[in-house]
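Letters are used for the chains, namely A, B and C, taken in the order the chains are written, and counting of residues starts over at 1 for each.
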Amino acid sequence: MKKTLVAMAVMAAAGAASAQSSVTMFGIVDVTVQYGTGDSNRLSIQPNGHSASRLGIRGVEDLGGGLSANFWLEAGIEPDTGVGQPSNVNNQANPTPLTAGLQGIMFNRRSTIGLAGGFGEIRLGRDYMGHFWAHTAYDPMGANGVGASLAFVNHIAAWPTATRASNSIHYLLPANIGGFYGQVGYHLGDNLRNGAATEDDGNGYSARLGYAAGPFDVSAAFGRADYASTATTGDVTTWNVGGSWNFGVAKASAMYSRTEIDSLAATATRELNSWVAGVNVPVGTGEIRAAYSQSEFTLGTGAEPRSRKVALGYVHNLSKRTAVYTSVAHLRNNGGASAALGRATVSANGKSSGVDIGVRHAF
Amino acid sequence: MKKTLVAMAVMAAAGAASAQSSVTMFGIVDVTVQYGTGDSNRLSIQPNGHSASRLGIRGVEDLGGGLSANFWLEAGIEPDTGVGQPSNVNNQANPTPLTAGLQGIMFNRRSTIGLAGGFGEIRLGRDYMGHFWAHTAYDPMGANGVGASLAFVNHIAAWPTATRASNSIHYLLPANIGGFYGQVGYHLGDNLRNGAATEDDGNGYSARLGYAAGPFDVSAAFGRADYASTATTGDVTTWNVGGSWNFGVAKASAMYSRTEIDSLAATATRELNSWVAGVNVPVGTGEIRAAYSQSEFTLGTGAEPRSRKVALGYVHNLSKRTAVYTSVAHLRNNGGASAALGRATVSANGKSSGVDIGVRHAF
Amino acid sequence: MKKTLVAMAVMAAAGAASAQSSVTMFGIVDVTVQYGTGDSNRLSIQPNGHSASRLGIRGVEDLGGGLSANFWLEAGIEPDTGVGQPSNVNNQANPTPLTAGLQGIMFNRRSTIGLAGGFGEIRLGRDYMGHFWAHTAYDPMGANGVGASLAFVNHIAAWPTATRASNSIHYLLPANIGGFYGQVGYHLGDNLRNGAATEDDGNGYSARLGYAAGPFDVSAAFGRADYASTATTGDVTTWNVGGSWNFGVAKASAMYSRTEIDSLAATATRELNSWVAGVNVPVGTGEIRAAYSQSEFTLGTGAEPRSRKVALGYVHNLSKRTAVYTSVAHLRNNGGASAALGRATVSANGKSSGVDIGVRHAF
């Protein structure tokens, strides 16, 4: 559909000035049969074994003189059941989810308006934070399915703006500056300035700088969000570095992430150190993927629950848009951790395995 | 819009290989002024006097070699108020609806990804169950409005997967196999395998086989869903048979449905026997519709609340996409039943009448 | 996108009969950085500093003989966070909003099906009431952002059908009747006719008649909704008059609105008198806007809380579809009023200022 609607817009354009203008509907539908083993096993049909399902509409308008305007509205969808996904409007505690089956779709994944030109781009709205990108860019498993990097899976749970923030303003570097790319963003908790200890809650910022040339890509990112320190929350700080090298026969990638939380509770997480490394190996029209990832929390008590995962997958591309895929992963816990795969459950220090077999279609 | 977007996609296709690929937005908007009489009457403006209102996007991609991929995302909408409709994510007890006016849209009607070829089609996601189709296919009133078949209306209420199931995998027969058509599907409750009595709740399957040739169409279907037997639930089993014959001057149709529930409660439904029969008579660009339907519950107590409905309607097609319509229906209860039409209310064994006058537009 | 999809439809049309048929996706994305001062200040990123953000799909089908069918599905969206907005299904007390971040999108702004011809147009569904239009048509600030007319802002809060009604049926005058335009609509509360005092709650009607010729536009409107009189509600009656004159160098506009509520509570609002006046001055490709507005409530106690606002703005059009804008406003309260701008808070009789700077893109 992407090409289709661009083509339409070009055809309809009155003249050269708007030849670059378009509005495009796009999406991904990905459903997997998933099985997880542990102390209790689970067979289920789930979304997103390979890619995050979504439905969006985006557009670009050529304003002339090198300037353009754009918008991007992208909703997370769960095609195993048809439901949508919630947002977070103030970048503070995530809302308690609606009863399962009732969440309508909204543009929780991205909802932005931007102006771009030779200077780069300025965007307003709900958007990805710079510190997020390395978690998906350098995970050979693409941060989805049973094999998703533990760095990503646990990073996500860390705080409301781990991946995206509402009420954000971003500046992005222009393309074509010698291989450098990057973004810096600030987000607001939209609180009243009333002198309360929580008046800065949900404010934060993030920055990412990378360099990509030929087979080589490396980036570093930093992010921070303010929360009044209590038993359960406190300022969150994260940084990460990662990179990939495409050897042709295979692409190797790795990333390391460290997150600190200023919580006051002894039992709460104070630090999270995690990393992932692996390879993507093209095989005919398909791809073999392998990754090892680890996450280690440090609690205020000094306990260090740790999980390690090895994942292996194969993606068979039926076209550029459609693929069937399978992946398997095995996870071990120690230090009191009880992570599980495929929605199984394990007790502390248990082991879990998971397998996905599914279909992904992009339009 | 269906034709429009198909045309677009064909125009934009780069070559013959993708000439059959398309993405299509489609929908139905149907609003009716409805009046129901009984012990208390009601005048209201409602959705779906003729057809179920919806908004969807679907696509097909030609993968070559006779294989194709497809997706279908279809949301139920209620255009009298603008709200959406909920789904059910685990095929178990339906969630308590949100306060009226708050339900956002989601792809509750259908949300699937499929691969099709000479072998037929395999689909994953939220989809219609085989045992549902006869309820709409053989109801002259199209299972909507005050005249909708009691077999359909009461079948719907019977259990969460009466019409659709989430977490389903379906196989559908290919077209062009001598008039035979059919589907078989399995759905999961996505429960943990923890040995609980409820671990199979929401699992189920359904199969339908039909034969259509010339004016003749007949089908039979069977479905089952597992629920641990309690005071209110228990395994549900349904089967139905139906058919239609198009005599040219009129199409006659009829169906019979039987559903059993293994509930433990004396006051709960143990059986539901229902049927509908009627005719659709083309008149110029319009159509006259007439139907008689009946539903009889058997409770654990032996009571048999029964409702009977006679319905008459006229649909005036202003085009293939747009129609104005009216229908009237009268319903009688006995055995303690208190069904009513047009959102009126009646006491046990009361009578109710209803009338619709509305407009339906498809795109 | 509007032009794009119309073009597509025309290209795809089979013949002349449907050359006027089209389906169009459209929308507005508007995000502003907003600051409000008062007793407590607030800096936030908000939607709708210039225009109400929305996403919609609408279509027209030429039925031949001068008759056409149309539909319009339009959802309010909040692009600072990606969430949607609720509707009201029975035109009675507005539902308690969902926890922030959970409201999916729905077609709360408009959801209609219509038939139009030489006689005018008949529409069914959720639609704007006639008495609403003057509030936005004659507000130089367009009824959005910190400068929005107090007549509009306080009118909106007055009752559930102040702007739109569900379950409505409207008749609209045809175009080209010598400059006259207008609409009359009736909406239903969809209640059971059970003799309860509340059985008419949510029923109502509204009518608007206007005349526009050359630079001149004037209209008057009346609306009423029924509610059983209690401590908090009672029948609501509103009327307004307004007009504008485009002098070329500037367009001057003004409107006056009066609303009465038959509430029984001494502390509740009995009357609301409000007005706005101002100018829109084109400057190159941009526009300067200035407005003064006032609202005065009369409570059952005789108290008359009053707010007055002066607003000034500039809109710089980068194209017909994209604009950057800024506006500033200052508000004074007396008689016990405590209105504030930019989500600041003030105590009774306090002052508040607000500023917006944002971007709006339409497609």
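What to note about this one:
Following the convention adopted for this analysis, a contact is a pair of C-beta atoms (placed from the backbone, for glycine too) under 8 Å apart; a residue touches a chain by one contact, two chains touch by 3 or more.
Worth saying up front: this structure is predicted, and the values here are computed from it rather than measured.
The rotation relating subunit A to subunit C, fitted on Cα atoms, amounts to 120°, rounded to the nearest 5. Under half of the residue numbers at the interface between copies subunit A and subunit B are found on both sides, making the touching surfaces mostly different. With centres set at the average Cα position, the gap from subunit A to subunit B is 37 Å.
Under the contact definition stated at the top, the residues of subunit C that touch 2 or more other chains are 5, 8, 11, 25, 84, 98, 103-106. Note for the complex: subunit B touches subunit C at residues 1, 3-5, 7-8, 11, 25, 27, 29-33, 40-46, 55, 77, 79-84, 98-106, 318-319, 321-322, 324, 343-345, 358-361, 363. Remark: subunit A residues 5, 8-9, 11-12, 14, 22-23, 25, 57, 59, 61, 63-64, 67, 69-71, 73, 75, 84, 86-90, 94-98, 103-115, 124-126, 166-169, 187-188, 190-194 touch subunit C in the complex.
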